[in-house]
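Working notes, structure below.
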Amino acid sequence: MQELIKKADTLIEALPYMKEFYNQTVVIKYGGNAMVNPEIMASVLEDITLLKYVGVNPVLVHGGGPAISQNLDQLGIKTKFHRGLRVTTKEIMEVVEQTLVGKVNSQIVSLANQAGVDAVGLSGVDSNLIQAKKHHLAKQFDLGYVGDVKRINPQLLKTVIENDYLPIIAPIGVGKHGASYNINSDSVAGEIAAALEAEKLILLTNVEGILSDPEDEDSLISRLKTSEVEEMIAQDQIVGGMIPKVKSCVNALQKGVNRTHILDGRVDHALLLEIFTDHGIGSMITK
Amino acid sequence: MQELIKKADTLIEALPYMKEFYNQTVVIKYGGNAMVNPEIMASVLEDITLLKYVGVNPVLVHGGGPAISQNLDQLGIKTKFHRGLRVTTKEIMEVVEQTLVGKVNSQIVSLANQAGVDAVGLSGVDSNLIQAKKHHLAKQFDLGYVGDVKRINPQLLKTVIENDYLPIIAPIGVGKHGASYNINSDSVAGEIAAALEAEKLILLTNVEGILSDPEDEDSLISRLKTSEVEEMIAQDQIVGGMIPKVKSCVNALQKGVNRTHILDGRVDHALLLEIFTDHGIGSMITK
Amino acid sequence: MQELIKKADTLIEALPYMKEFYNQTVVIKYGGNAMVNPEIMASVLEDITLLKYVGVNPVLVHGGGPAISQNLDQLGIKTKFHRGLRVTTKEIMEVVEQTLVGKVNSQIVSLANQAGVDAVGLSGVDSNLIQAKKHHLAKQFDLGYVGDVKRINPQLLKTVIENDYLPIIAPIGVGKHGASYNINSDSVAGEIAAALEAEKLILLTNVEGILSDPEDEDSLISRLKTSEVEEMIAQDQIVGGMIPKVKSCVNALQKGVNRTHILDGRVDHALLLEIFTDHGIGSMITK
Amino acid sequence: MQELIKKADTLIEALPYMKEFYNQTVVIKYGGNAMVNPEIMASVLEDITLLKYVGVNPVLVHGGGPAISQNLDQLGIKTKFHRGLRVTTKEIMEVVEQTLVGKVNSQIVSLANQAGVDAVGLSGVDSNLIQAKKHHLAKQFDLGYVGDVKRINPQLLKTVIENDYLPIIAPIGVGKHGASYNINSDSVAGEIAAALEAEKLILLTNVEGILSDPEDEDSLISRLKTSEVEEMIAQDQIVGGMIPKVKSCVNALQKGVNRTHILDGRVDHALLLEIFTDHGIGSMITK
Amino acid sequence: MQELIKKADTLIEALPYMKEFYNQTVVIKYGGNAMVNPEIMASVLEDITLLKYVGVNPVLVHGGGPAISQNLDQLGIKTKFHRGLRVTTKEIMEVVEQTLVGKVNSQIVSLANQAGVDAVGLSGVDSNLIQAKKHHLAKQFDLGYVGDVKRINPQLLKTVIENDYLPIIAPIGVGKHGASYNINSDSVAGEIAAALEAEKLILLTNVEGILSDPEDEDSLISRLKTSEVEEMIAQDQIVGGMIPKVKSCVNALQKGVNRTHILDGRVDHALLLEIFTDHGIGSMITK
Amino acid sequence: MQELIKKADTLIEALPYMKEFYNQTVVIKYGGNAMVNPEIMASVLEDITLLKYVGVNPVLVHGGGPAISQNLDQLGIKTKFHRGLRVTTKEIMEVVEQTLVGKVNSQIVSLANQAGVDAVGLSGVDSNLIQAKKHHLAKQFDLGYVGDVKRINPQLLKTVIENDYLPIIAPIGVGKHGASYNINSDSVAGEIAAALEAEKLILLTNVEGILSDPEDEDSLISRLKTSEVEEMIAQDQIVGGMIPKVKSCVNALQKGVNRTHILDGRVDHALLLEIFTDHGIGSMITK
């Protein structure tokens, strides 16, 4: 009995956070290698279902790099990377879209429905949700169908949310003449958070957060300001795949999102811990 | 950290119950001596606030016997009881109404607002919410302004709920020519549950539940059917103040309420334990 | 037959005023000794019911001084007054709230329902309708639980009006930590009129209106401007209980109410005469 | 002052009737020679405006015989009558429609707007409001464009009422191939009352009501039942132009209208007297 | 089969125009001698019905000069013209209103209903839709009941459009004391287009459009700007009945209408050609 | 000019059909080899866009057999067919879903958006739109992930249609434990038509329609009744891939769809010809 009462106490402890986030939009990006693990995926979706039931409006954006690589391998297609970006030919783009939309997105939607929330899978092609432009490198190296977000057309998303569905979004953008583009999912999540005037942007990844020394897991920076970010990049304190994440956060903050977080998606219930406890985990970037 | 994750697990355990009771009405009666303790009261209201945030529509009906007795004492008014019911003269009825509406109800509404839910205090007089008729005893003993529910007029209550307020109801009914009547609060709760087609009726009291041997706290009957109740009353297994509670449950069940419960309000978070765990506490009566 | 036709003529004469006040809010304060007379009360409520039917939105605020004094007497509690204000201990405040909410308000609601309008009784505690702060005197004399309006939270009131109920409001405010405060009802009426952007504020009292010579009933001032009021107070032309009434009118006018009136509630149908005839009665204060 | 109070009393006397007819539809037919008098017309429209303001939904159907005759005279067109019905050639029908729609209806709408109610003029042609069929006599005498109501299409009328306009209807019906038909306005009023499920149908005419002896104004029959009507017609107690009025009432009653009245439109405020006093005037036919 | 496919191609060609005018308001004035021809009338109404079905909101204003003259002739009333405007006595105004409202408007509404669109006939008298002031000539020559638009009261029109009816408007205005005025229908159409913030104003007439040489049908000016109009009038290039048309266009453009057109109503489907093809016909005036 | 007028005539000819299908739902299945041709695809989507603009609610279901085969070939996966159905292992099902959802559906959505209609791609996984059960053969041959429709959950579809989007649906169903199933798209289209209470079901294919002699293109059966179908199958008049089409039609008719059609999708504007002309093409099956 005492144990039960302790559990009830835990529910009550969450109450102030429920009040704070009631009817607020939270955009969550989930990706990377952590996504490969079906158990973590199920746990993340359970957390999101709970958010939905306590009155938060979550929006999920996913990545899918490992699944894309696996599919390209099966087809025997070789890919080159240039500065961390995949050179994406028309043929590769088709595989990317099939994988992200027809495999990864479908699977997440199916898992979410099993978790008990009404989920709808969307890609940027649906009602031109994500309008893309070609990503241009300084030296005019042609990356093919790699894109940047040109504009978010949030009407469909708003309809989906108002009708109480959970939108799950594949980071495919649509460019001129209807061509599909592969866009970095952190960047898509940031732009969508901005377009929806979200309260929070949460990037779930498979590292602890921003580390002042990437080799040292104990060097986590819990809080930083947008003003500090540029210098940290210049000084190589923020490097590699962390750079687009941090930039997406800064972009979202500048466009009106209130708080942004980079969390370790491998931690059980990382989302709930961040939202429903005072003990923030990972790194929080604010204005 | 492990502790935090355990807390998150607890939230997730509650998810199936949130789904089950989403947008359902639960009528809760809180009264008796347990109400005298301000800490328990605060705890009950916190539980109700949580229910509100996770999408349940709670409705609270309260009693107030001890406060009435105290006020009558201060005024030096003596009262007689007949078969457990207070003989209620016009003068006494005024004290009853002032106490229930102006003191007990106001205090609970104030506490609820502090707990973070928008509460509205109502009595049966408001928009003729509870229409009363005089309670008649077999032998025509005149109990004065003791009433029974004649009809619930639920429109005001529905307006209050739809606009996201928590209604808190004092068990005063209004009879012919606008006279106020004191009505048993268990009975009011049951009739309101029926009129609102509630999913659950929960009577919080200060005993464990229905005991097969009232002297023995270990003799709790966890589940019983309406069909068993009459015999138990006839055989004096259900006695005293438990009789109107049990009858109110049976009445509500016959009028379409799905489940009814008699719980020990002294247990911390009794409401949450009943609604959010499989480990039902107290006694449940079903059809 | 001629008499009937004359009656019909009277209805038609009211038509221009019906047009003028269609869908306008009129806040009416009714209090003082006049309230003790049940016949006058019934007549006032009949007038208000008529207003409701011809498309006006009346809101009623009541006082209750005499009933409070009577209840304190019965309990043998002595009270002191300081500059016309009752020194209100915790114990007295409980009696005040019980009397205003549980007795006076309940009775008026019941009478209004009998008059055929759906009335809902409210106090400032309901959904924090009237937020209070402690009333501070210059010389820091402690008046106890005497309050001033800090803020009106009109959402609940708007919901009640839009759903076609008549709100009847007891002048209890809620302060820090949920403590109840007794507030001057004229002042509450003025602030509520301001918060609802009312067309009219009408204070029903038991004198003719503002008299240039308080001893002479024929010295009624029919119209005055806010600019004239301060001087009249300074010159002791407006004195005693008339001061808070006049100040409440000035306050309401400054916050956007269009017209304010101080009427003699003892005159039959004073409300209808003021609203439905050109022959204004009592004193009108305008900007 | 006493006079003013007496006037207020008159308003209060009307209150029970306001409650009774709140949000009810009342179809009023105004016609005949009484319509020629602009003062009576203005008075009738003032009454209707008052009804609108106190929450009743009036619908006005008018006739126009005298105006038609006058216009035909000016054009030097001779008309024959057959059993009280005008033999209506195509040429005459054009004059009928121009007169009813372009003169009588326009004038009434203009007067109603001046009386302060938003009026909209309609004829049966608008959105096929009144669908007509040719009126057939037993002996196959061809009356030309004299019609009967085949079907009322009430949607436009409902839209007009819901948007708070007063509909004023000319008794023109539309038949096959869009041909216009002249229909008896009493009959149109009865069918519209039925289609709108009106509470009351009131036929304003220029006699006292149904007289048991048409020569004797004192022989007014105040109340009669549909069952009595047929016999009275058979026995020539109801004769001439009173027959279609009475039949329209009976028809409306059979189709669900609650009460029907034949009133003397020459009496000042006949409508208000009927609706707002117990002293019913004219004849009432009920089921 | 090839022919059928070609027809389908034609539907597809109209698609871009459907997209462009979806949910846009188009005010069409139809008048003059062209209106006398029932076949052209039927064809115009069919075009308007099609516009309604493909999501455009058409509003029709009509004239009626020839019908008025014919009716005056039949009555043997002589009329004088002063500078192209009919001197309109009270007697003549009655004939004008009867003709426009009771004959022309009724006929067009009936034809429109037969074409399959739900039409409602309105004049400026309905809900004071067109408020008129007396038209004053420089030299104070009294034209009688000839008016100008003082103000459009578009609420009724908006209600009619939102409820999916086609409004058909007779150019009668209502002045002081409810007097009716005859107003130039081009001018009424322009003001209504402005009040409804229409996308297009189309004046259908029985000439080709604006001719640089009125004698030469080949001298059509396809496009002109408001700035060019004044000079063309000064230089007698725009003369006679074309002047009020052009001025109405300029007025509408200045008040926010996007494009205005003067088209030859005798051309089959002139409306569809203008709206659904690139091959604009007639003259277009833009800002 | 004459040509333009002829085009306008064509628009007018379509008007009666626009009236007939206004606000009606039409479910269209497009598939087979015809889908491989991008020009035909673009033409079909243009037709559907036009339907949307003239007030019809089209819903598109697509197939994708050839694209699936092509993808399987590229991966070097061999597939067996059993009685015309692909034996679908888990590995093959993944390819099926990726192809239908991530390639075919995305492409059609992108083309539809380019055609100017707001399209949203859905699969049966979204909000459990298509609930599947395993397809069982008589002899218990295991076909793997080949499914039948168990239940359509149309709420998401209704939301999408009400918000004016065009839904484009991939025939993937979701079974127990979230497993995806490949379902015959004709069958999906029929069930969706039934669930939406569609007016019409149109199966676009790449044959003329139902041929009484499959070898003879001139043997088209224009109309047949559900009662004739069974016999024609028994007598091998309806064979092969035509059987599921015909059965889907019969099923839809039995569940309340009004008319069903099997059309030759290779004919330009086959949809428009069917809906907007009297010259029905292909075969129509009715009850």
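In order of appearance the chains are A, B, C, D, E and F, and numbering begins at 1 in each one.
Just so we're on the same page, contacts are C-beta pairs under 8 Å (C-beta built on N, C-alpha and C of every residue); 3 or more make two chains touch, one makes a residue touch a chain.
This structure is a prediction, so every number in the text was calculated from the model and none was measured.
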Chains touching both subunit A and subunit E, listed by label: F
Identity of the chain that, by mean CA position, is farthest from subunit E: B
Contact-pair overlap exceeding half with E-F, pair selected from D-E, A-F or C-D: C-D
Geometric centre distance via CA averages, subunit B-subunit A, whole Å: 46
Mean-CA-position distance for subunit C and subunit B (Å): 35
For subunit A paired with subunit C, centre-to-centre distance based on mean C-alpha positions, whole Å: 57
Multi-partner residues of subunit A (at least 2 other chains): none
Topology of the chain contact graph, where touching chains are joined (line, ring, star, complete, other): ring
Order of the ring members, counted from subunit D so that subunit E is second: D, E, F, A, B, C
Subunit E - residues contacting subunit F, complex: 1, 4-5, 7-16, 18-19, 22, 46-47, 49-50, 53-55, 116, 267-269, 272-273, 276-277, 279
Interfacial residue positions of subunit D with respect to subunit E in the complex: 71, 74-75, 94, 97-103, 105-106, 109-111, 113-114, 118-123, 125-128, 156, 159, 163, 165, 172, 174, 177-178, 180
